[in-house]
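Before anything else, here is the set of structures, which you'll find just below.
In what follows, chain A forms one complex with chain B and a second complex with chain C.
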Partner chain A sequence: MSSTDHHHTHSAKAAPDPDHHESGASGSQPAKSSGWGVFLFFMIGFVGSLISGWILFPELLYSKKSQPIDFNHSVHLDLVDDGCNSCHFFEEDGSFTGMPDLSKCVDCHESAQTDDPEEIKFVDEYVTPGIEVPWLNHSKQPDCVFFSHSAHVMGAGMSCESCHGDIGTSEHTRVYEENRLTGYSRDIWGHSISRLGKPEPGDPLPMKMNDCAKCHEEETGHKGACFQCHK
Partner chain B sequence: MKEKNDYEHSKRYGMVIDLDKCTGCGSCMIGCYTENNVPFKADETNKLDSINWIQVYKLTNGKPYPETEISYLPMPCMQCDGEGKLGHSPCVSVCPAVATDYDYSTGIVSQIYTRCFGCRYCMAACPYHARKFNWWDPVWPADMEKYLSPDVSPRMRGVVEKCSFCFHRYQLARNKAYYENRQTEELGEDEYQTACAEACPTGAITFGDLNNKSHAVYQLKNSPNAFRLLERLETNPKVYYLSSKKWVRRQGDNYLANEEPGLIKKIDKQHH
Partner chain C sequence: MKIDRRNFLTYTTAAVLGGAAGSMLTPAPWKLMDDVSIWTQNWPWTPVPEAGPVTHKQSACTLCPGGCGINVRFVGTRPVKIEGLKDHPVNKGSLCPMGLSGLQYVYGPDRVGSPLKREGKRGEGKWKKITWNEALTAVTDKLASLRKSENPQSLACITGSSRGTLPSLIGRFLTVYGSPNLLRPATVQDANEQALFLTQGKQGTLGFDIENADFILSFGSGILDGWGSPGRMFRLFGTRKSEQRIIQIEPRLSNTAAKASRWIGINPGTEGALALGLAHVIIKESLYNKNFIEKFTFGFNDWTDDAGITHTGFATLVEAYSPEKVSQITGIPKPLIESLAREFAASPRPLAINGRGQGTLPGSIDESLAMQSLNALTGNINQIGGIYIVPEQTYAKWPDLGMDATASKGMQQPRIDGAGSDQFPNTRSLLNRLPGLINSVKGDSPVQALLVVDANPMYTLPDTAATRKAFDKIPFIVSFSSYMDETAAYADYILPDHANLERYQDIPTPAGMAHQTITLATPVIEPLYDTKHTGDALIHIAKSLGGFVEEAFPWDDYETFLADTLQDHWSDLKEKGVIEISPDSKDSAVLSFNTASAKYEFCPAAATRQGSKDSNAPSAYTPAAIEGDEKRFSLLLVPYDSIRLSGEQIANSPFMTKTVEATVLKKQMTLVEINPKTAKTLALKEGSKAVLTTPKGKASVIVHLYEGIMPGLIALPRGLGHTAYSEFLAGKGTNTNDLIGSVEDPASGFDMAWGIRAQLSKA
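Now for the complex of A and B:
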């Protein structure tokens, strides 16, 4: 019984409401001005979300880290004989060694050769105790990706700079921006959040799957089968 | 994706498995497990839950002793060329995610685990049970993760996996050929071999390019004892079997009592 009573009272209450609204709408003056209010409200929200999406979110998305040692590529490139190959070389089976391990560095840096604080730090913290430097890799790909350096460098005759930018002539390491969600470097997506336009000359190229496919389509005429780049 | 299909001149990697030589030891399965990071479970008796890229089946002629005969049949992915040999493999044609495709340069059917969303249409379409579903995330015994091969990405729960003919070995062989400034189209037979072929102690598994006259499989596949599984479906598998026993060859397809094994091959020849 009590529930039906409640329903009755509810409908009785709701019934006069439309009348109330009608009387409110008959005064047309306030409705016009609220239209501009709504538009302004919309624009503030719209611009606000654009700013948060395009400026604040990318700032929040990437954490900034610096390399363990501020490595000077430029100095090294002047001293070695074989350019990039001197430290980043191929094994005889065609695999690419990537970042050199400590044993390669020790060839020259058994003790500090200059009074550069970074070099002294490198010798004291890594060379003497024999700890590998935990370099942050700007080009690290997920483990489902197969990438052959020898196919690109030997087969297609591409230079290191064509993908990695002019890192070889840099005097300081760049800030490593890590995507907080995926854990990969910002270089993979590319610096531009919209991914519109081309990277600045000397900047590394973005390395997402679409970027690979785009270049493959331009250079070889087709994107290739899945297994060409996946494993 | 749309490559020009040059069926006769591209490579078609395939396998010839001599069942007369197969002892059913399972070395091919073990070799495959370790090579391809195939997850295993403490209890492998539940075959609905176990994963393998090559599986050894036991065939019997069904006769009582002393006429009983046994033969073992290792079954990897058949890497079907599909009807009309155009790459229309049963699994490739049904995948809604393009997670599996036919590589026209090698004839190998891929499986991309990160692309697969686990609908399992391909498993339903595959007549050979070559595809397996990951019902669980792989769990490796203590420290064994360190022994996983970095050349094959491990799979996660909810995706389908299958034999890739050790495609990563092909990639590594090409890597070396590029480094040595050789033509990657002219890889030697011994440069690219699958793990199961290498693991087989009796040499029952022969692997190579079916289109290359200098490869052993080219001759072997034309043997009168050669047959493929379910040839009538015209899936055009690239895995051939050899058996001198007629009852084994009979089990390669669903023959009627009045039909002879090898009949389909003859029909095929009349058509072309």
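Now for the complex of A and C:
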């Protein structure tokens, strides 16, 4: 008994203290931050940011634009003699013409050849008034980058497809995804936002500096010097 | 699980931490970091040329007399880059920092955009924009009134050089107007021309086949610091073979000296003595080209003239310049003088070149003669790797001038500067004497109206204070400058010329080129502002003056005049941009001389050396009478040239100033170089602020200790201390001309002041 008494006495003595304290402080039972609660909220934040980082972020970062004219590469490639070179050719001095300007198109498209609404739109809106088509360039690099098509195509004998993908056989233009911050195409970074894995066969290759360096290291054994591209 | 005020913060923190941890596992932060950095490159307020096709246009650089060919890269209609033209005979693709930054002279903030009339006091910077019609009428009226008062010779014109058709057009204008006073700064080319005339009897410029020489003895010529054509000299160093030795003799370890095979420090101003000392050793040891000396020279040995008077020959003269004596004068050890002379004489193609720094100081005729005598001793004249005589550019004959009585009377007056007078018969222009002469006249200035074309005398003439005083006495100053330089800022009217890339300009053989070329700078862009070619402006003024002046200018505009003047060459030049004229077989006939003896004359027989006591005396070494009392000014100030700075009429571009090291210019202060030994005696340390005093003026400078400058000297860079131009240049550093005066060569009147006595004291 004495021990029970003692215990009782002890607890009786000890018990009122917390009650006293609590009632003295708030007057009601407190909501303790439980470990599970902390974990739950941590996970909400964790999973939430994973979803926004992987799914929402790319959606928000890039705006989607269409080319002014839905150009059909496939049709043209069938009609010309010299493949890509027929329209995207090298000047005598080795400089690359890139996207052809209107004067190249006018030879055939002075008036519409077909009743394709895109061709009619092209003739009416650009050819007749003589306005250059504001094509959106998927491969445009910043001004600080010097790139020689000549060195790669003529010198190293690379094909157009090896970097630009199977664009020559496309029937429609792709959606142009423009980075809202930088103004450059998503193609430069690569379609994969994580830059992990390889692009699908036929897709264009990413064109960041590391991509240049990687290929150069594989092909030439050296990443190359700064001034080769940043003149 | 209850959420209340207390644990809300805990859970929020948990969510934020979870979010942060999660985001690290997404591409977002890494991708954003990359994108933000690219975003900063594309800020819309950063000027970027419009996109367009890339094209190139060929022209020539007109920023210095170097005459390098340029290739201008365009994106669309906008020039974006200037590069050296690969197949141009002068520079073969190389270009100096000034040429490379040539676009900044066109698009920079220093341009004068329209004709201006001064509103406030001179130099105050208050201008009123006027039309070209008003500007041309104002100048025409003033010039007409001077002729009306029978005082046409009081019109003077200062040009940057006498080379090319524009100075010829101005010369024609002044002649028919009635003034002999066409002035321009002289350079070492002028001194060499006189030496050439005295020794070889030919009018022409001295060319150095420096590329093919195997032993180049440079008497302080800044081959890498802007001497000759900078593009050509860059190319020389870029393609130089290890066998080619360059010996650089100067008191300071310049960039040229650092890149040379050997640098020999010499007491400043004693290069002439060294040349005679080397000649002494070469002759004494019989190392000279005997065939050449015996067959093709005159005055090597003592000779007696028709009157029976014996004259000293060159060999006798240099006897006085023993290595011991020359060692004392120059500070170069005796064995080094001897070995240098032997090496020079033993080389198959040795070449002595002269002109300190960029060669803008003519120096004395004696000095030029002494150095040329070294080339003569080795017979290295009109030879591969030697010196060549480049004939003066000949132009098509213009219609004869009719002159009225006023013009004839004016033209009979002596030149203001004394050039061509009995005192200086072979000298063409002595701009350095002009301020002193105007200041010494009591009453009205002999110059009542001054036209300044492609020149900036208020900055480039020694003794800026005296120049300003002289200009204050000139009642009417017109500048034709494209830029707001010091002289334009001090003018009454500015009639701005087109800038480089905007105008036609023909460039005859540049300084030091061994063979004759004509280059045409063709405009590659339309003028940006309301400017006019000075040639057009002058033709307009001439036509408005009427009478014979009008008749002398039958051309509609400068382009017609240029085409007419270059005649046969014009279509070639329009097409190719440059033509090389192979030497006339008669002239190049090895060793034909037009002197009285028909030989190379060590001792010019013509009584042309008025300055010396014996009119037939051969060249000797006479030290320049450097200004300043030795007791008060214990040190010597020597200006030096650098390729990154321009001390000439067209100042640095912002880009060039940006390339200047922090040991030359720090914020707004110039650094002077002194030897650590000198610093010790003056109790100065690296970075000490000091006051540099000379008899001409004072400047605040910072001390830079440099082992590469001889003790007792203070080196100061030329090309800083502008008061005009834009914020990129004005107020930066010290102008050497504020501190230095001109010392006349008694034989030619040329400036030979390579320095001035100075003192440096702690500020």
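We adopt the following convention: the second predicted complex is superposed on the first by the 198 of 231 C-alpha atoms of A that agree within 3 Å, B and C clash if a C-alpha of one lies under 4 Å from a C-alpha of the other, contacts with A are read in each partner's own complex, and residues count from 1 in each chain.
Methods note: a residue touches a chain if its C-beta (ideal position, glycine included) is under 8 Å from a C-beta of that chain, and two chains touch if they have at least 3 such contacts.
Please read all numbers here as calculations on a predicted model, not as lab measurements.
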{"item": "Fit or clash between chain C and chain B when superposed on chain A", "value": "clash"}
{"item": "Chain B versus chain C as contact partner of A:Val47, first or second or both or neither", "value": "second"}
{"item": "Touching partner for A:Trp189 - first (chain B), second (chain C), both, neither", "value": "second"}
{"item": "First, second, both or neither for A:Lys214, with chain B first and chain C second", "value": "neither"}
{"item": "Contacts of A:Lys223 with chain B and chain C, given as first, second, both or neither", "value": "first"}
{"item": "Which superposed partner A:Lys65 touches (first chain B, second chain C, both, neither)", "value": "neither"}
{"item": "Touched partner set for A:Met154, first chain B, second chain C, both or neither", "value": "first"}
{"item": "Partner chain in contact with A:His172 - chain B first, chain C second, else both or neither", "value": "neither"}
{"item": "Contacts of A:Gly94 with chain B and chain C, given as first, second, both or neither", "value": "first"}
{"item": "Contacts of A:Pro142 with chain B and chain C, given as first, second, both or neither", "value": "both"}
{"item": "Larger contact residue set on chain A - chain B or chain C", "value": "C"}
{"item": "Chain A residues contacted in one complex by chain B, in the other by chain C", "value": "95, 142-144"}
{"item": "Chain A residues within the chain C interface of the complex", "value": "30-34, 36-50, 52-54, 57, 61, 95, 142-144, 179, 181-184, 189, 193-195"}
{"item": "Chain B residues within the chain A interface of the complex", "value": "1-3, 98-106, 108, 110, 112-115, 150-154, 164, 167-168, 171-172, 174-181, 184"}
{"item": "Chain A-touching residues of chain C, taken from the complex the two chains share", "value": "1-4, 6-7, 10-12, 14-23, 25-28, 31-32, 34-36, 38-39, 41-42, 48, 54"}
{"item": "Touching residues (chain side chain A, partner chain B) in the complex", "value": "90, 92-95, 142-144, 146, 148, 150-151, 154-155, 222-228, 230-231"}
